[in-house]
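These notes are about the structure you will find just below.
Chain naming follows the written order as A, B, C, D, E and F, and within any one chain the residues start at number 1.
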Amino acid sequence: DFELALENDIKPAFGRSEESVQKFLRRGYIGWCDEVNDILKKGRLLVEATREPESIGFVTCILSGASGSGKSCIAAKIAKESEFPFIRVFSPADMIGFSEMAKCQALQRAFSDAIKSPLSILFLDDIESILDYSPIGPRFSNLVLQAFRVLLRDPVPEGHRLLVLATSSEREFLEQVGLLKFFDHQIDVPMLTEPQHLLRVMHTSQAFKAEEMQSAVQRLEKIKNGREIVIAVGVKRMLALIDFVRRSEGDRAALLISELESSWSIREKVHEYPYSPT
Amino acid sequence: DFELALENDIKPAFGRSEESVQKFLRRGYIGWCDEVNDILKKGRLLVEATREPESIGFVTCILSGASGSGKSCIAAKIAKESEFPFIRVFSPADMIGFSEMAKCQALQRAFSDAIKSPLSILFLDDIESILDYSPIGPRFSNLVLQAFRVLLRDPVPEGHRLLVLATSSEREFLEQVGLLKFFDHQIDVPMLTEPQHLLRVMHTSQAFKAEEMQSAVQRLEKIKNGREIVIAVGVKRMLALIDFVRRSEGDRAALLISELESSWSIREKVHEYPYSPT
Amino acid sequence: DFELALENDIKPAFGRSEESVQKFLRRGYIGWCDEVNDILKKGRLLVEATREPESIGFVTCILSGASGSGKSCIAAKIAKESEFPFIRVFSPADMIGFSEMAKCQALQRAFSDAIKSPLSILFLDDIESILDYSPIGPRFSNLVLQAFRVLLRDPVPEGHRLLVLATSSEREFLEQVGLLKFFDHQIDVPMLTEPQHLLRVMHTSQAFKAEEMQSAVQRLEKIKNGREIVIAVGVKRMLALIDFVRRSEGDRAALLISELESSWSIREKVHEYPYSPT
Amino acid sequence: DFELALENDIKPAFGRSEESVQKFLRRGYIGWCDEVNDILKKGRLLVEATREPESIGFVTCILSGASGSGKSCIAAKIAKESEFPFIRVFSPADMIGFSEMAKCQALQRAFSDAIKSPLSILFLDDIESILDYSPIGPRFSNLVLQAFRVLLRDPVPEGHRLLVLATSSEREFLEQVGLLKFFDHQIDVPMLTEPQHLLRVMHTSQAFKAEEMQSAVQRLEKIKNGREIVIAVGVKRMLALIDFVRRSEGDRAALLISELESSWSIREKVHEYPYSPT
Amino acid sequence: DFELALENDIKPAFGRSEESVQKFLRRGYIGWCDEVNDILKKGRLLVEATREPESIGFVTCILSGASGSGKSCIAAKIAKESEFPFIRVFSPADMIGFSEMAKCQALQRAFSDAIKSPLSILFLDDIESILDYSPIGPRFSNLVLQAFRVLLRDPVPEGHRLLVLATSSEREFLEQVGLLKFFDHQIDVPMLTEPQHLLRVMHTSQAFKAEEMQSAVQRLEKIKNGREIVIAVGVKRMLALIDFVRRSEGDRAALLISELESSWSIREKVHEYPYSPT
Amino acid sequence: DFELALENDIKPAFGRSEESVQKFLRRGYIGWCDEVNDILKKGRLLVEATREPESIGFVTCILSGASGSGKSCIAAKIAKESEFPFIRVFSPADMIGFSEMAKCQALQRAFSDAIKSPLSILFLDDIESILDYSPIGPRFSNLVLQAFRVLLRDPVPEGHRLLVLATSSEREFLEQVGLLKFFDHQIDVPMLTEPQHLLRVMHTSQAFKAEEMQSAVQRLEKIKNGREIVIAVGVKRMLALIDFVRRSEGDRAALLISELESSWSIREKVHEYPYSPT
């Protein structure tokens, strides 16, 4: 039954590394703030550190951040630019309905395949999903957790070099479950929090006319000046809302901003109680 | 055993998209308040946004609201009016007694079938039931949850367009379990809360004579004027009670309203304590 | 294995609707109070509402009340009097040791059988037992719960009419688990709480001589006058105790009442503390 | 596998009713106090009530009490004296390591066998063990619980008469799990709490010489006079300690009483705080 | 699969009673304090009570105490000295990785084998391990617990005599789980708590020269005089530390005592707060 | 299925003891502080105590400490230097995805193989992973725990000598679960906490030029003098960061220290509140 699972289910999951990375880059890459560009740079340094002959050649890094903040996109870009001969995406989308055992086996196989090549990147996307994590309980697959515990620490054989790039939107869970500390490098991916970030994405989308951009600038700066507003949007939602207003009639910038507000992406900052309790 | 399940159980669940939508429209559509009509309009915009060639072409929307508030009816109407070549209803009624694994497989198949067509609607009805949710515990299928997590985010391949329409009466559970945030658009479906709403439904049912309608108007307005009464009925219960009184003798409007009261659909507003505690 | 279960276990559970209803009426029907007679009347109205051609033809009703209060007896009487061509009793007694899966399948089959006939009653007896409910935990079968959730709401196909009559002694559990709200009509069955109720049942049993009845009347009225006594007996226990004293020697009415007291069916009312705490 | 279980495991459990009852009577019956004799008398009345043609002919009774208090002994004596043509002991000792499913099946078979005979006693010994009860958790078999729920209430077919005699040392658990209320009659079996009780058992054992009995009487009455001592021993432990001292040298009555003390069967009464809290 | 387990796993566990007892006596028997010698004497009395023809011939006894206190050693000595024709050791070491079911079956077989012989000892070693007990949870096998519940109480058939000797280092767990009360006799095995205890074991080990013993006496008595020190070592650790220092250089008595201190076997008594709280 | 697992999965795990030990020594051994060197010395004494003919010849020892502190490295070095004819590494890396049952079997086989040889070391690496431990819950395999409980205490047969060396980074869990006390010797492995420790590792790495070492000395001593800083780094992270800065440009010592700070390895000591609460 397990053998069968391997035959039928796991095979299609492998052997398409190139396209897999591409899938996360369908909308290109917008360097919508400095922080994001810096993450890209650090990623390049990790690639170099893996390649470096005098180092041990086994580097592990996790990108954490809110859902839809663009983690997979950045990781995919780092992987693609590395031009390593072996790049494999290990993604929960290839393992829907897998048993814990089958996931473990697939994970172990991914590592052992990666280690066979002299210079590899293993891209573990959305590891809380690989772990079947759900916040109620919380629940997760202990079997897969144990596999991660072991594989993230097991030394790579001499003559082989491996960079493990993981993403997760559940950093705290990973911390609690004792997995976070096994990553040598831990990087946070931010959300859009400044008017400029929003404008940058709007601009790049080419969906808005000059005067609409102008109107948006004004509204957003006005909001920002008031100082009572918090902005927190993932790139993903920003792009979805731009799509939604694209063919609307009337003031599309206004519509966009009102949609951001109704989805709580722009919201009034809760006033903190000004006096300490007595 | 699983293969068997697929052969015997899943097949009949597919290939009847047209009729499936119809099932939710057996009582037609009553636009019993503006809000409901607005939801229908927003639904049409989402249909357009999915079709729009410059957008990414993958839109997800959830209709949440009390049990029996008419969510499935509205979703069915949106789907039917879209006239998309591919419309599939994915409903828990087709999966009673399914194992978690079988549900996952069916869900994955529903998405992959939908993605094969260039322009599709996937109508996920009652997703808390698909998740085998029960409030005590709470319990739910983690395997199905993981499938949703992945499928709601996995990019649709280029050249294909998909609108996912989901309904649920357990919005808070979806929030807690981290699923709500994966929907691009979240819409609330209201209950009947005004005398006018009740009258509108009564009128459309053609069950009441003119003087009965008159008598109901008076009773309800009197109630409303008193300001101590809360009305909260789902369309479903309203229609069931109209059926119940239909052939009764005596004042049927009075009977209807007394049944609404005895089922707590019309109830005295709890007086809030007028003084702050000392 | 499941197939086997179906072959061996489920078959005998069906095809004996007539006798099944009879089993709950072995002691006849005593209208021991007005409330019980009213329930019977409401039951007849539901039967009419199901039959009514202009209504949707799908009515669901639950009878809840203490264990042994006579719920199954009343439901059976309603069903029998309806003279519907299809009456099926779905009872946990036919499914001892069934797996959750087998119960689901049986339940689904019961509904689909009922729906095949143009005019049907489906009598779901003791639904907390069908749900394998136990108060410690609480535990119950989530799979069966999900089946109920779906089947109680899935529209009956046009041209078919179905009255679902359910009984349960765990109303609060059904409320908590979200099942109660799916019933269109919810009716409470009372216990014997007045001396007259007890006397009515004693009289009908023909077990007591005239002077014994007299003596019982006196004792009970004396008790009642004192105002410090609460009576709460299910019909079932009342009938069991009558059987127990039937052939006793001495004052059988006194013995009956002392047995009622020792089983806490007649008990001193706990005095509520007359002053508010300071 | 289940079929196999039935073939191999269940068969030897049946068909030895006579001897089974005898096993609980190996030490005979000592009427060591009035209360115990009264229980025996009530048992005989239940036997009569079951036989009585005008009653419904289905009587259920549970004997509860501390472990080793002699419940099974009394139940066995009632059953034996009834001289009913069918007497079956259903005991956990015959079902060690049984699966829940196998227990259910055995239980159901025991009831259906009992019901086939016109006049039967079904002796359910130690029902908390049949339920696989353990106080930590608490844990128990829900499947078996459901079987009990149904079988204890399912009406016996006309023309058949059944007395169900159960024993349990976990009355509170049965209460919590909702099973206690399904028994028509609930009887408590006491422990030895008076010096006279101990002396009665010692005397019957014929293990002590006249002067030893005398010495024991003095010690025990002295203890009792002091009023600061609580006695609470099950018959079982009492008989075990008599066996233990039987061949000892020195004052065997003294040894017996010191063993009772060291096993906390005779212990100083905890003084209750004489003043109410202020 | 279970049959297989029986074939492969259980068989080797039996038929080596003689050697099994010997395994616990590899280091001989040191009567390092009076209490331990008294336990041995009580053990001999239990052996006699089992043999005694006028007693019921079924005696159960449990030795509880800290891990490594020498429980198994004493039980083995009692069993060996009894010279009963049937002595069986039932030990968790023979059942590693057994399923609950297989353990139950083995346990039941051990009892039924023991009962076949006219005069038997069944030595149940480390019963919390037989129960798969772990303090976190706590967890344990309920199936095995149920088997113990039944087997420890089920009367031995006439003409057969059985002494059950059990050991456990988790007395409180057994109490909580309701198993302790089923043993007729409960004996506590102490740890080494006095300087004399330590010296006795050191002396018997023949590892120390006269002057080393002298030096140890002085150190220990000095410690004891100070009255601020608690000693609590199991024989097992004491013997292990003697082995550890055996070939060391320098003052081996000093090293031994410092090792006892660093493993908290000799520790400062925590001062209790001298005033009652106000 | 289990047999299959044994055939396919377990075999490769054995028969490579020599290389297995080597794997933990890939970076050699740096005696970066006295404490670590002392542990090595104690390890050698344990090796001697195992060999010693007059001792019992069964010694168990656990090395506990933070993740990445170098436990496996030290244990491997002790094992390698012992030159015992039989050295086996039992590591979770060889058992990814194993069932509990398979792990138990493998563990038991490891012990029985070790016991066959006259002089053996069994190196149990990362025993919390062997136990499938996860801190949330906590969860762990009870079956494996039971196997450990038994195997760590079961006497080695005469003529055989065994040293069990275990490592774990979850000492507290082992304590709670009752396993820690079964080890005769418990040793703590420290982290790098002094500037000198860091410098020692930097120096040995040969990655830094003399002036960089000089600059690091100054920075670290300055930090240390301030007395408000806590250093706590595992050797593992220290080596990883040295690899990371190896080919960087600019002041690599400064970069290293800033990386130590951003990973909280060097952090400000939290000031403790100087006054006791009132």
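The rule is simple: contacts are C-beta pairs under 8 Å (C-beta built on N, C-alpha and C of every residue); 3 or more make two chains touch, one makes a residue touch a chain.
All of these numbers come straight from a predicted model, not from anything done at the bench.
*Asks:* Note down the smallest number of touching-chain steps it takes to go from subunit A to subunit E.
*Replies:* Shortest path length, in steps: 2.
*Asks:* Fewest touch steps from subunit C to subunit F?
*Replies:* Counted as steps through touching chains, the separation is 3.
*Asks:* Examine where the copies subunit B and subunit C touch and state whether the two sides share over half of their residue numbers (same) or under half (different).
*Replies:* different
*Asks:* I'd like the Å distance between the centres of subunit B and subunit E, where a centre is the mean of that chain's Cα atoms.
*Replies:* 65
*Asks:* Centroid of subunit C to centroid of subunit E, CA atoms only: how many Å?
*Replies:* 56
*Asks:* So how far apart, in whole Å, are subunit A and subunit B when each is placed at the average of its C-alpha atoms?
*Replies:* 33
*Asks:* Taking each residue of subunit E in turn, which ones touch at least two of the other chains?
*Replies:* In subunit E, no residue touches two or more other chains.
*Asks:* Taking the touch rule as given, give the residues of subunit B at its contact with subunit A in the complex, in rising order.
*Replies:* 45-46, 48-49, 52, 54-56, 59, 101, 104-105, 107-108, 138, 140, 142-143, 145-147, 149-151, 154-155, 158, 176-178, 181-182, 184-186
*Asks:* If we count contacts the way the header does, which residues on subunit C are in touch with subunit D in the complex?
*Replies:* Its residues touching subunit D are 23, 26-27, 67-68, 92-93, 96-97, 126, 129, 132, 134-136, 139, 207, 237, 239-240, 243-244, 246-248, 263.
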